[in-house]
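Next come the structures, one after another.
Next come two complexes, and both contain subunit A; in the first it sits with subunit B, in the second with subunit C.
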Partner chain A sequence: MEGLRVKLHSNQRTRFVISNLTVAILNGVVWGLIMALIALGLNMIFGLLHIINMAHGALYMLGAVVAWYFIELTGSFWIALIIAPLCVGVIGLIIERGLIRKIEDKPIITIICTFGVMLAVQQLVLMIFGGSPRRIAPPIAYRFPIFTLQYPLMRIMIALISIGLMSGLWIFLRKTKYGLWMRAVVQDREMAVGLGIPVNKVYMWTFVLGSALAAFSGVLAAPIVSVEFMMGREVLIMAFIIVIVGGMGNLEGSVLAAIIISLIQGVGSLFAPPSVATIFALGFMIIVLLIRPQGLFGE
Partner chain B sequence: MFIQKGRSFGFILVFVLILSVLFALPFFVDLFYQTFLTELFVWILFAISFDLIFGYTGLLSFGQALFFGLGGYAVTILIKKFGLSTEPALLFSIIIPMIFSWFVGYFSVRLTGIHFVIITIIFAIIGNIIGDTWTSLTGGTDGLTFSPRPFRLGLFQINLMDIKGNYYFVLAIVALGYLFLRRMVQSPLGKVFISIRENEERARLIGYNVQRYKLIAFVIAGGLSGLAGGLYSLTLKYAAGSYLHWSVSGHAVVYTIVGGMGTLIGPAIGAGIVLSLEHYLVNFLQATDLVVGIVLVVMVLLAPKGLVGLIQSKWKKGKGSA
Partner chain C sequence: MEKKSKKKVGILKKEISRRAFIKTTALGTAGLGLSSWLTVPFTYGAEPPIKIGMFQENTVFATEYGYWMAKVGKAAIAKLNAEGGIAGRKVELFDYDTKANPAWAAGMFKKMILEDKVDMIMGSVHSGVHNACFPLAKEYKIPFFGGGSMTYDYTGKDSLSLHGGYYIRCHTHARSQAVAGWKFGFDNLGKKWTFLVADYAWGHSLAREFGGRVVAAGGKAQNVFAPPTTADFIPYLQKVDPDTEVLFTAFLGSAGLGVLRQTVEVGLHKRLQRYTVICCTEGIGQEIVGKESIGAYYIEYHPRHLDQVPKELHPYEKAYRKACGVDDDGKEVGNPMVTIAGSHMYSMWIYPYMIKLGIEQTGWKDSKKNTDLIKAICSLKLKAGPWCPIGDLTMREEDHQGFSDFYISRVEPDLKLKVLERIPKEKAMYEPEVDLRKML
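Then we have the complex of A and B:
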């Protein structure tokens, strides 16, 4: 940067800064939309089941890993994008039916239990998939110019797919019977039981849906980041931050928080080292936790 | 009263017996197992300090890794960069984490349940990032190595560079830590901790300042976690930012759940079992955490009170039928 600054003319310099800034903003939005999907899954599970799923990051990682295998097998990213969330959804089903159902009324114990699941899944992937990071080539290689830089079209596609998924989820929650049930259970569990809503089943499908959303974001993130068994660990924490800042149980808040935080991180990393940006984000979250535990956008 | 006395006599007997076995052990096992056992003692201290905050006070803190790592850094940096001798450095590995745990606890104990868990994770992550990036002080991700001077107490002297000397040194401190914690949980203060775990609302209504007692438990646990970290660094002659990663706290969670929370002896047994299992499995399984994770899930589902709880209920049942 320093060397470039000296050599460039002022006009070129402005263009250089603007293109860098544009790319940082675009990256922030794309990553924010992916994080929003992860956080939505985590937040839906929290809002309904009142449990913190520590294995959520592992499910995100699993989505990417399963996608990698399907891409090796079929050569198509798009098939993997459909199949990987289905597979992870089934795993979510097993986790919910086999483990969480049995300890649902003990929130602290579920944290420990899902922490165990996280360890087991991560290490299972390490054994089968190996420890070295692998890349998934973006299915659309085209790059379009932004001032002086090139930007991959694939990232725009990823953003559009995320938006599509979120709109689908919104319609599902607003317009379908299951969506209505889910909202009813969130509002008043006792009343929902009284009205004959199969709460047990709603729990199950919420967990499956949340797991599938994590897997979706894993597949979508795969062409941007590298696929490895630890990729879910830091993402899990970011998802926590987003859910808390946006408000636990507040889905719209999560989407908003995801995009804002990713933008701040993306643009901030142009001016400060990423570790400083992360520490600021974490410090901000501590303040939110202490002053507004219901989240920034909660009422 | 009689039962209490009988129990305490039995405890002393068993404690002395175990200590003498552990005292004699280095004469029968090789250096590798001496190192293994030394590390096991350190993890036991870490686990029982976690048990004070989780098992007795009911606060699931994933932030204990922060204090563990701080203790490790305190010993390492004070000895390496400030040329301190071992005794004050080890003292600082208790004091510095206590100061930090007071700071972290001051904010954290205001929150309950899931929020408490998350805020402790965040503090640990901040510590981990600072440890990894403040290279001039901490050595960054490479960490720092050092050689401690012999530990002196009056005429008594232990060479910590010698594996056997280090073994006895760690054993003695962990045993003292165990006795300290046992005394603490049996004291009136310990009873307050338990009452907060059992029913926070009721404890408040009786008139206890619940937040202050939580903070006391947090600071004591933090200091002992720091001591464990300091001993760990003295054993490995090394400290790094990875000690502060929140998942290190997961070790303590696993040992405590497997052994039985709120029992002190449980986490110690849990640490022994899990570490031995890992040590045995590592020969033919690359990923020992797989088994640890499965063990954790199974214990949570089938025996939430851990092995100690399992044995106690069996014993009671047997007594009841007889």
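Then we have the complex of A and C:
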């Protein structure tokens, strides 16, 4: 009888461990796709234009804030998901035309100036939006069971939207004329100019697209993380890590890097303290860069 | 023919020489300076104003606290001056932002002492800021009144080495919260607890203080630490033991919202009770936290809603709320999106009054009597009144710690915090670990 009780207890523990591992892997993949989406816009600007945009986190935050106002106005998350990136894209246009274009060949000054933009945007949002976090209710509240836990369907939906958006971007870059122009400018700017490609316009629209993507990811992440003026700070560093580890300008590499880092952190925190799990993830980054300094799929 | 020299003529059509201009300007400046110096003493008596420095987190982090600390502090000083100041002296307030940056805050602390020449300083909820400013309070022997830092140690056994006895705290902290609140949770919610808390001093102290008491009473305590700015709590919620009955959480800002909501998202709320301190959602309306918070239990240090405040305190509470621009529902008047940090901001209302009482009792004139002033303040036993709307407040001389009542509340379906139990301050007291009376 005692042996049976021990066996039952052991089975329960095994079930608990399997359940936790399943959720950790699922959540790692899902969260990795969310992080890949956040890094996508940065990859466009950093990877293709070689501009270090320290304001990327601020644009991500701005997308969430603008979406919050639109949801308060219209009551619709989906309308906000379309409008907010357009609004932030316009802001990206202003930043590119008013600031970046003048300094794009000076990397250090670009870093400092975009850092200044980040601070200015944060303080402006603090003045208008306030310091308290606000919430955006998830548009889908359904949960499905996984062993002993439940998993929110909203996260799966965000992951699927991320995959769709990244696929769309891949098609845009590979199959459209504008995408071809963007790749040409990255390869050889002078040759692109010589071939009649409107390089300045390509830079401008790439920056706008990157800004809109940052905002789009902010709107999608907002139901999970809450909307506040400092929310961009948390994602900026991880976004840079993902872009570098994946390979600058390589979207597939970013997705893989984001999922691997997220999985290491998620599964690692099952067996070790969270700070140790983060160290594992950063250790992975260091090893990749030592072996392949250009990143996983970088050239 | 000689040319007539042209001389400059002023608006008075008189010739003005350079010497005359300089002489007139100097006399006029001296006259203005003398007149401003002469008028001030006669307005409030012959004494200069008492200068109080105030700093709080206006930017970067914990801004919802800083906003209300500043607002209430200014309202308190305005009321004090309207009632005649302190010992016939006007009170002048110097207000700064800590930026939640200990190094910057220490710079502001020093600036207030050396440039603004303040007589005492109050404010801040940030533990790092406190740690950075304690050595300065000790060095310059200036009374430092804590705004809302919850780390028990500041009035614990290391008080002397930390701040030399120059720190005074009238509000709660992790130990008094645990002493007051653990038994309600143990008796009514469950005996097996998991502490999912922020991985720094505040979170650790709550886990230690509450968990120690739960285990000593025969219960079980599991600790799960997560980074303070965690966005995704699922990896940590997975680690909660299957037999846990009470999930105690402690995070600030968006992480505080996230942990409450994600506990519901993974369905844990169906098999355990959620228990937390109000610090997690101070300055954040429950409608923003969301319906996921329904059923969660909070330890409050002063009720958010007027109708939950004990009836006998209503006359004082109404006047206090009116002075601070707060409505009956705990929202800023004219701006219902802004919710009060009601369990923290009262300290900034009470401190100026404690300073007034201390100065008038000791005859304090300047920093030479700071020690006597601190001793007088730390032996105060305040009764509920216009200056103490939270109810009776007892200061303890040994450790410079104040005690007032606690409230256990639960989030109702209408998203209001309903008080279930009032815990008298005597039940929040513990043995002091230091005796600062000997050192001052």
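As a working rule, the second predicted complex is superposed on the first by the 277 of 299 C-alpha atoms of A that agree within 3 Å, B and C clash if a C-alpha of one lies under 4 Å from a C-alpha of the other, contacts with A are read in each partner's own complex, and residues count from 1 in each chain.
Keep in mind that, in the parts below, contacts are C-beta pairs under 8 Å (C-beta built on N, C-alpha and C of every residue); 3 or more make two chains touch, one makes a residue touch a chain.
What you see is a predicted model; the values in this text were computed from it and never measured.
On the superposed subunit A, the positions of subunit B and subunit C overlap enough to count as a clash. Of the two partner chains placed by the overlay, neither subunit B nor subunit C lies in contact with A:L160. Contact with subunit B, but none with subunit C, is seen for A:L282 once the two complexes are overlaid on the shared chain. In the overlay built on the shared chain, the residue A:V90 is in contact with neither subunit B nor subunit C.
In the superposition on chain A, A:I108 makes contact with subunit B only, while subunit C stays out of contact range. When the two structures are aligned on the shared chain, A:P273 is found in touch with subunit B and with subunit C. In the superposed model, A:L126 lies in contact with both subunit B and subunit C.
By the document's definition of touching, of the two partners only subunit C reaches A:A137; subunit B does not.
In the superposition on chain A, contact of A:V117 is made with subunit B only, not with subunit C. Among 135-143, 261-269, 351-359 or 369-377, the region of subunit C with C-alpha atoms clashing against subunit B is 135-143.
Subunit A uses residues 123, 126, 273, 275, 278 to touch subunit B in one structure and subunit C in the other. Only residues 12, 16, 20, 23-24, 27, 31, 123, 126, 130-135, 137, 143, 145, 148-152, 221, 224-228, 230-231, 234, 265-266, 269-270, 273-275, 278 of subunit A touch subunit C when the two sit together in their complex. Across the complex, subunit B meets subunit A through its residues 60, 107, 110-111, 113-115, 117-119, 121-123, 125-126, 129-130, 132-133, 247, 250, 253-254, 257, 285-290, 292-297, 300-301, 304.
For subunit C in complex with subunit A, the touching residues are 59-61, 63-64, 66-67, 199, 225-227, 229-232, 234-239, 242, 253-254, 257-258, 261-262, 265-268, 283-284, 288-290, 337-339. Listing the residues of subunit A that touch subunit B in their complex gives 52, 99, 102-103, 106-109, 111-113, 115-124, 126-127, 233, 237, 240-241, 244, 273, 275, 278-279, 282-283, 285-286, 289-290, 293.
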